[in-house]
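What follows is a structure written as structure tokens; I'll ask about it next.
Residue numbering begins at 1 within each chain, and the chains themselves are lettered A, B, C and D in the order written.
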Amino acid sequence: MTDSAADVARWARAFQAEIAEHRDRLTELDAAIGDADHGTNMDRGMRAVVAKLDATPAGDDIGALLKTVGMTLVSTVGGASGPLYGTVFLRMATATAGRSELDGDGWAAALDAGVEGVQARGKAVLGDKTMVDALVPAAAAFRHAVESGATAGEAWHAAAVAARAGVKATVPMVARKGRASYLGERSAGHQDPGATSSYLLVHCGAEQLGGQAHSGAVRT
Amino acid sequence: MKKLINAPEDVVREELEGLALAHAGMVRVSLDPYMVVRADAPVLGKVALVSGGGSGHEPMHGGFVGAGMLDAACPGEVFTSPTPDQILAATKAVDGGAGVLHIVKNYTGDILNFEMAAELAREEGIEVEAVVVADDVAVRDSLYTAGRRGVGATVLAEKLCGAAAAEGRPLKEVADVCRHVNDFARSMGMALTSCVTPSAGRPTFDLGEDEMEIGIGIHGEPGRERMKVAPADDIVALLAGPVVEDLPFRAGDSVLAFVNGLGGTPLIELYIVYRELHRFLAGRGILVGRNLVGSYITSLEMAGCSITLLKLDDELARLWDAPVVTPGLRWGA
Amino acid sequence: MKKLINAPEDVVREELEGLALAHAGMVRVSLDPYMVVRADAPVLGKVALVSGGGSGHEPMHGGFVGAGMLDAACPGEVFTSPTPDQILAATKAVDGGAGVLHIVKNYTGDILNFEMAAELAREEGIEVEAVVVADDVAVRDSLYTAGRRGVGATVLAEKLCGAAAAEGRPLKEVADVCRHVNDFARSMGMALTSCVTPSAGRPTFDLGEDEMEIGIGIHGEPGRERMKVAPADDIVALLAGPVVEDLPFRAGDSVLAFVNGLGGTPLIELYIVYRELHRFLAGRGILVGRNLVGSYITSLEMAGCSITLLKLDDELARLWDAPVVTPGLRWGA
Amino acid sequence: MTDSAADVARWARAFQAEIAEHRDRLTELDAAIGDADHGTNMDRGMRAVVAKLDATPAGDDIGALLKTVGMTLVSTVGGASGPLYGTVFLRMATATAGRSELDGDGWAAALDAGVEGVQARGKAVLGDKTMVDALVPAAAAFRHAVESGATAGEAWHAAAVAARAGVKATVPMVARKGRASYLGERSAGHQDPGATSSYLLVHCGAEQLGGQAHSGAVRT
């Protein structure tokens, strides 16, 4: 079962809906250890993405579509998360350029590229209390599942489970990157907002991708 | 929340429109994407200076665009870094063929967005150097943090680099001035009250009626310590002490002393702070060669102040005295 | 009360000491009696300008001493008029043989003290003229009041008369400029919060969390009306409407539009106000020929703003553009 | 029974003590319809007067002494009350220049001169809700008493009674002079601070002057 550009667009729209729903929660998480704008930033960006998708003729090229998403995020989000999420999508775009279908292997490569990109850009490693703590385990779980013979759908599920665990793991961490790092020890005890939104992204993948619209995906 | 604003989402646009109407002779303002550009940009053959960051710190940066200072500023939403395409557009608008210096405050968002913009600009054949300003001694600089925040030294760097660029110096030298300022400037701030971001509509942090926050960031980031409010002279010691010790500034040094208001503090109080700062430094044999007193890098309506010291040499003093004609800083012309 | 001060009774002295330390090249400060005098006073053959009033309105008046503006300022205690001997001492210190203009804000205390000082100065052979500025349309001007308060127009009068004096014009003509400004300028202000005088230590008046005072005076005198807080655009209409109607300013008029912050309001908000003021005037066919946006006549840490309009002609525009070099207002040199 | 320069100095010192005692009350009255500084202003001024008297060799000349009081008030009080009280004392000084003794007629002339001065300076008339509303009736009552054959001591008592009535009369008035006039109708219902301090001055006269230190003077 493979995903088409239309499936990928559905994923982006689902992510927008999820962000809009959790906007205030994300901002509250950011208020505790940052500057209380992560929900606003992501919401502004994903609304722009959907508006852009609405205005752009639907094409077959998954890479082109992901590039639109990435470029739009870069140019509308600002803050730390704009370039970081933008990079995730732009790197996935490069990895999928010209492709009209993606299977498990294709997604694994795209996710790896996206995660590598975010780390190259933001220099965060596992344990720094950032979105990396959700994205790295998610991509790893995805690849592991695919290499163990799972379907793309199953791999997305595995990735969402791993991302969720990654988010929870950020709670006790002391931030070493981003605005939360100014708090030092005081950042411990709070869940990272960027990791939380990243989990939502993977969660939407588990609901929308893997060759079919799944139901009963892992809940937050 | 009591503010002279209309809808929170219109604050930045309307402020920029006001700036454009008030200073048409000095700056041009673009609303899509947001940027403030010198009225006569690009200045051919001159190194161009671009800075930017979240809004809410006025007059920084838009108010520092003009002859002898910035060629362009990129304002983000309130307390949110601008995006790469704003920065790219500004970079292209002001490039006069001699390259562009990006003056970036050390916040993850600012750095990432300026980095992406610089990459894009370089792809388009524009020479770009970026210097990151990180002068806030309230933050421990270590491998385990995002490093020191960029605060008051940014204003000084923009003025001094602007003067160097106006003299026709090449990009590398102008960037060197910026690095030098960053190396020899230190700052620390304090808040008597919290700022209120228009979208949140309530104070970013809660301070008791008898409390102050020492080491506050310009976005209301937590400081080093929360204490009972104290006399101005004691506050000066709490801020200037760590600043002086960090570089360190020593007896015999000449400095530029900058007392900055955070937006809600009136000038009468800043002069009281400046008086004590001058005495504090004199007591340590440190001479004030130049000074700046006023609200130049603010945090919305936060009450409080910050102190920045820059070690001066003749060259910096000369660059400081050079003419500057911007909405927010002006002399010599 | 949260302020960057030491003891309330030391506020004025310490502020003056800070001003003196920060601007030694521009002004000399005397602490007994309190006065701020141009560093190069007296300027022989030039009409000298002296103003003054209670402290708490910084940069007015001490920050307006320097080339092209005031020759001396006499600061009283916070919100308390200066005494005749301060004013006399300042008058004598700056008299360059061409006479002295006293620019007096219309408050009973200011008028009486300046009057006594003028009498004493005349007894000593100094030619003194006094002009009273009374531009606040919030106050009904009638036989049954002390008349309109002097507010924003004072700043404009000091700048414009300073330029006229610098041109070498005789006392009567410089005084005429002041009278002209007073005749053709109108102001009104509003407060979002009260000021707190250091000696009282608590708000001068109580405003609810959702209230504002329209027509406030710069010492926290009550306004015309207390209302629910409103969007900035509506506030502009509430202030600019009465100002425009009073003179009246008419379609085709050119004006100097001055948006002033009261001390606790940051620049970002003042530009939002300026934007709407510009549109408001444009909608009535009134052209903004010059503008000033910033906190120039404050009321301690009061949050709020005032709007001043002055009808411009070519002569006033020329005087406005003339160089001014003071701690608080500077251009052209 | 006449008063000497020493008696006049005692009067000034008593006024200082009275002002110090009622400082906060005067400031509160000014807070209601002015700018909350009348007590502070008068206290600063009268302390300076006493310091000046302490530092000046005691002389016989009542006019010289009153001039010192007036000059010191003018140069230390500021505000509206500085020049006004200063003028009261300076005009009394002119009226008593060179005199080493004052009887009832002398005081009547001095008080008339002071009151005339304050009206010339401040342009306030009876009913404007100012210190004039205490001073004018006081001077009138003093002169009336003296002309009716009363002693200076009795005249001072009559003046204090009249000043007190004058202060009370300011309560319903709408201010037409000074800072309180900005309040318009809203100034009604408040007692004028300047009239109140003027009453204290006359009250001290009744306690200290008239040729002897009286006791049991009219109380506030």
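Here, a contact is a pair of C-beta atoms (placed from the backbone, for glycine too) under 8 Å apart; a residue touches a chain by one contact, two chains touch by 3 or more.
Every value quoted in this text rests on a predicted model; they were computed, and no experiment measured them.
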Between chain B and chain D, the fewest touch steps amount to 2
Inter-centroid spacing, chain C versus chain A (mean Cα positions, whole Å): 56
List the centre-to-centre spacing of chain A and chain B in whole Å, with centres computed as mean CA coordinates. 33
Approximate Å spacing (C-alpha centroids) for the pair chain B, chain C: 29
Which word fits how the chains touch one another: line, ring, star, complete or other? line
Which chain A residues qualify as touching chain B in the complex? 27, 31, 35-37, 40-41, 44, 74-84, 86, 121-122, 174, 176-179, 181-184, 186
Touching residues (chain side chain C, partner chain D) in the complex: 33, 54, 76-77, 79-86, 107-109, 112-113, 115-116, 139-140, 143-146, 149, 197, 199-200, 204, 217, 219-222
Contact residues on chain C for chain B in the complex? 2-7, 11, 14-19, 21-22, 55-56, 58-59, 63, 192-193, 209, 212, 229, 231-233, 235, 263-276, 278, 288, 291, 293, 295, 298, 300-301, 303-305, 325, 328, 330-333
